[in-house]
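Per-chain residue numbering starts at 1, and chain names A, B and C are given in the order in which the chains are listed.
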Amino acid sequence: MKRADTMNLKTNYMQVPTWSWLKINSAEVALGNQEIEEQKAPVIILPYGVQMGPLTAAVPQPPESLAPTVKAARESGAAPKQITIPAEQTIIEPIRIQIDLKPGDSLAAEHVHIQAEPGSSATVIVQLTGENLGGHCGLITCTAEEDARLHLIKAQMLGAGATHAHVILGEAAAGADLQILDVELGGATSASGCNIRLRGKESSGNLDCLYLGSGSTTLDLNYRIAYEGALTEGDITVRGALADESRKTLRSTLDFITGAAGAKGREDEAVLALSDKVRNLSSPLLLCGEDDVEGQHATNTGRPDQEKLFYLMSRGLTENEACRLIVEASFTPILDKVADEALRDTMIQRIREVMRRD
Amino acid sequence: MERKRTQAEEIERTLYDIRDPENTLYKVESGITEEIVRDISAGKNEPGWMLDIRLDSLKKFYELDMPKWGPSLHELDMSQIVTYVRPNAPMTDNWSELPEDIVRTFDRLGIPKAEQESLSGVGAQYDSEVVYHSIQDELLAQGVVYTDMDTAVRVYEDLVRDHFMKLLKNTEHKFLALHGAVWSGGSFVYVPDGVEVAMPLQSYFRLNAPGAGQFEHTLIVCGKGSKTHFIEGCSAPRYNVVNLHAGAVELYVNEGATLRYSTIENWSRNMMNLNSKRAVVEKDGTIEWVSGTFGSHITMLYPMSVLKGEGARSEFTGVTFASVGQELDTGTKVTHLAPNTSSTISSKSISKDGGKAIYRSSVRIAPEAKNSKSSVVCESLMMDSDSRSDTVPVMDIQTDDADIGHEAKIGRISEESIFYLMTRGLTEEEAKAMIVRGFVEPVTKELPLEYALEMNRLIGLELEGSIG
Amino acid sequence: MNRELLEVKELTAALETGEAILHGLDLNVGAGETHVIMGPNGAGKSTLANVIMGHPNYHVTGGSVWFDGADITEERADRRARRGIFLSFQSPEEVDGVSLENFLKTAKSAVTGAPLKAFAFRKELAAMMQTLEMDSSYAGRYLNVGFSGGEKKKSEILQMLALNPKLAILDETDSGLDVDAVKIVARGVDQYKNDENALLIISHSTRLLRDLAIDRVHILVDGSVRETGGRELIDEVNQNGFARFLSRTAPV
C-alpha cells in the first residue's frame, strides 16, 4: 500500500526525561497528510437524553508530554463535537463513537469532547476498526463535573498495518469519578496516551489498560494520573501480553502535586512475554511533592508460570491452549470492566485469533 | 546525667567544615587548555600512552554537550575551577611525616584510629594527591597491591594500561571526558587469584582549596575467586565557589570473585558531585554496591553493573538523604548480558526541608540473558511538603526468559508508628529519629561498625546502642 | 483506702470527624487494683484506652483525665508514658529496622530518665523473655515485623514487664490467642501485678480473667459506663450477653 505524504509525529514524551540511550524519552508515529480525500466523520450513536452539538465547553489542556498528538488531532480533524450529559441524569445505554477506517482514506482525525454535568452518570464506548493509508489521530476530552460519574472505554482493534496516535484527557471535579479503559489489540504502530487530572477534592479516577502485541506491532503507551485535590484516589492497572516480534513501551506516571493531602495512588503492571523476540520497556514513574500521600507501584514481567502451564497441559490442553488460558485469565479483571457484552465478546474473539498461532 | 540528643537533624557539618590555610604548592591556572593537560602529565612523569589518553579525552570534552536530562548544572563554570591542586606534602608511608595541619585534619576525621583498629590499609587523599599510604605486611605477602594511581601507572604499567578507561569510556559523557583529561590521584588495587582480603581496604578523599575540582580515578582488579571489600569516604569543607567532583571508579570482577564497594558521600553543600562508577562482572562473580549519599549541592551518581559472564550477580543497597538546597539524583544501572545472571536493587531515600531526591535507574536484559532475574525495591520517605521525591525507573527486557520485578513506595512516616513509639516514652522527635534510623538500617548494617556509626552521626541520631 | 491512680471524670470524646464516641464516662482505678472493662462491639472500649494514652486522633470535648494527682487531659502521649501509663495495643505497629532489644533499651531509658547498663538490661530482658517463652532470637528481630498475632501480643507484654508502669491498660490482649499463649500472657500479667501498680483490662473473653484477682468490673455501652460491680458481672455477661445493659436509651 502506497503511503500518502507522511508527517512524523514525535509524542508521548517522558515527563522526567532520562538517559537517551534507553530510547524511551519519546515515541514516533508516521501519519499521513490530510489532503487526499475528504475527512470522514466518526459515527456517533446517542442514547435518549444525551445531546450533541459544537464544542462550547472549556476543554482539558494536555500535559506537554501529549501535546503533539493533541495538536495534530485538532488541526487535522473536522470541527470538534461536544456530547453533553445533562445534570443528575443517569444514562444506562452507552454512547457509542465508531471509527471505521477504509483502505483508501487519508489521515482520519477527530476530536470529541464529553461534558458530564454535575451528578450525571454515563458510559462512552469508542471503537476503532479498519485500516487506511493515512492512519488515525484522535482526541477524546472529558470533563466530569461535581459528583458526576463517567465511564470511558476505548477499544482499538485496527488492522495489522494501521498507524494510530491517540490521546484521552480527563478532568474530575470535586466528588467526581472517571473510569477509563484503554484496550489496544491491533495496529502496526500505536502511540496512545491518557492523562487524568484529579482536580477536585475527593475526586477519583482509574486508568485500566489491556494490550496484546502480535506480529511486529509497536505499541507505545503514556499514562498519567495527576493528584491535585485533597483526598483524591486513583489507580493505573495494566495487563498485557506480547507475542511474536512485538514491542511495547509503557510510561506510567503517578504525579502527586503539592497540596494533594491524603491522596492515594497505585500503579500495577503485569506483562506476559510469549516469545523470545519480544521487546518490553516499562517505566513506572512516581513523582511526589506532597508528604501526606500513599503512592506505590509494582511491575512484573515474565513468561507464563511453568507450574501453571504444566498443570493445564496435564489436563489435556496443548501448550498453546494452556498459554492462551493463562493470558485470558490475566486479562479477566480488566475485561470484566467492559460493561458491553457484545464488545467484550469481540475482544475475547480477537485475543483468541491472535493467540492461535499453531 | 544529661540525656543525649535524638533528633532527625541535619547532617552534622561542623566537624567537617574545617578549613586549612591554602596549603598548595602548585596551582594550575583556571580553565582547561591543552597546555594544562600536558603540564599535569609531565608533572607526574607519565608514559606517553597516558598522555595520549588525556589529550584524546580533552578533544572529546570540547565535542560533547552537557547532559540533556537530570538536574541543571548551570552553576558550573569550568573556567573558574582550578582542576589540579597538589598539596604541600610528598607521599609517605609514615603518618608522622605528613605536614602537621594535614595530619590534624585527618585526625579530626578519625582516620589514623580507624586504620589501626579495624582496617587493613588506608590511602588518604588530600586535594589531588594521595598523601599517605600504608598497607599491612600480611597483604604484601599475599601479593595484594594497594597503591596510588600515579605509582601504579609507572610500576604496574601493563596492568593499568589494559584496564584504564576501558570500562568507562571518554565518549560517554562530558564529565568522563574531562576526567580522562585531568584525572589525578586515586587508588589502585590488585588482588591475585584466590586471595581473601580479610579486612576492608579504605580510602579517604578530601577537597580543600577553594574552587578545586577532584578527579580521582580508582581502579580495582580482582583475581579469580578472590574476595575484597573497599570503602570510600568523602568530605569537603564549605566554600562560596562551586566545587566539582568528577571522579571515576572502574571495577573488574573476574571469574568467581566477590567485591564489595562501599561509599559514604558527605561532600559539603557547594559541591557538584558528578561521579561515574562501573563494575564488569565475569562468570559467577559478584559485585556488591553499598552507597550512602548525604552531602553535596547536586549529585548525579549511578553506579553501574555489567553482568558479562554467566551466573554473574549484582547487589545494590543505597540510601540518599536530600535536605535544604540539595538536589540528589542517584540510582543505579544494571545490564544483564549472559544467562543465569541476577541483580537486586534496594534503594531508600529521604527528602526534607525542600530537598529534592531523585531515584533513577535502568535494568536492561539482553536477548542472550536467558533465565535471568532482577528485583528492584525502592522506598521514599517524605518528611514535609516543601521537598520532592521522584522515582524514574526504566526496565528494558529483550527476552521472554527473564523474571523481573519492581516495586516502589512513597509516603511519610506513619502517624500510628510515631504514636506507638511515643506511648513507650519517646518524644515525637525521638520517635521520628528512631523510625528514620530504622529506615536506613539496610545500608547501615552492610557497613563496618566505624562507618555505620559515622552514618548515624550524619543523620544526627545519637541513640545509645543503636547499632547491631 | 488506696490512693487513686487513674481518675476519669465525665469524659466525652470524639473522632476528628466530629463523631462522638465517649459520652460522660466516669472511672476510678486505685493503686493495687485490677479493673475489667467489658462491652459490646462499638461501645468505645478501645477509644477509652486510646484517649487515656493520648492518641492524637481523638479529641476530648468535655471532662478530664487525672493520673496520680495530675491533670493529664491535654498531655502528649510520651509525657503520659513517662508518668507511668502503658497501653498494650490490640494491633501493635510494625517498626522496620529497629530491633526489639534496642527499642526496649531506649524506651526504658526514656521512661526512667536514666541511662541503662547494657549488660544488666540484657540479662533482665533474657529472663523476661524466658518467662514469656519467647525465643531469644526475638531480641534481635525488628519490632513486630513479621510477628504472628500471638507473638505480637507477647511482645506487648514483654514491653510491659520491661517498662514496669504504674498503670497497665491491656486492650484485648487475649483475643486471637490459643490456650497456651493465653496462659503465658496470664503468667506475665501475674508477674507484673503488685500492691503499688494497677491493671485495666479490656476483654471479651474470660480465659485471661479466670485466674486473676479482680476488684471491679465495668460494663461499657455506647460510650458510658452502664453498670459497675464485681466478678459476678463477668459470669452474667458470659451467660446472657449484654442484652440487659442495652435496654436503656443512649445518652444524647
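A few comments on the model shown:
Methods note: a contact is a pair of C-beta atoms (placed from the backbone, for glycine too) under 8 Å apart; a residue touches a chain by one contact, two chains touch by 3 or more.
Computed from a prediction, not measured in an experiment: that's the story for all the values here.
Greatest Cα centroid separation from chain B: this falls to C. The leading chain pair by number of C-beta pairs in contact is A-B. With centres taken as mean Cα positions, chain B sits 42 Å from chain A.
Inter-chain centre distance (chain A to chain C, centres taken as mean C-alpha positions): 53 Å. In whole angstrom, the spacing between the mean C-alpha positions of chain B and chain C is 49.
For chain B in complex with chain A, the touching residues are 68-69, 358, 360, 362, 367, 380, 382-385, 387-412.
Of all residues in chain A, those touching chain B in their complex are 14, 16-20, 22, 24-25, 256, 258-259, 261, 273-303. By the touch rule above, chain C contacts chain B in their complex via residues 53-57, 76-78, 80-82, 86-87, 89, 92-93, 95-98, 102-103, 105-107, 109-111, 113-116, 118, 142, 159, 163.
Residue ranges on chain B touching chain C, taken from their complex, read 1, 3, 414-417, 419-428, 430-431, 434-435, 437-442, 463-466.
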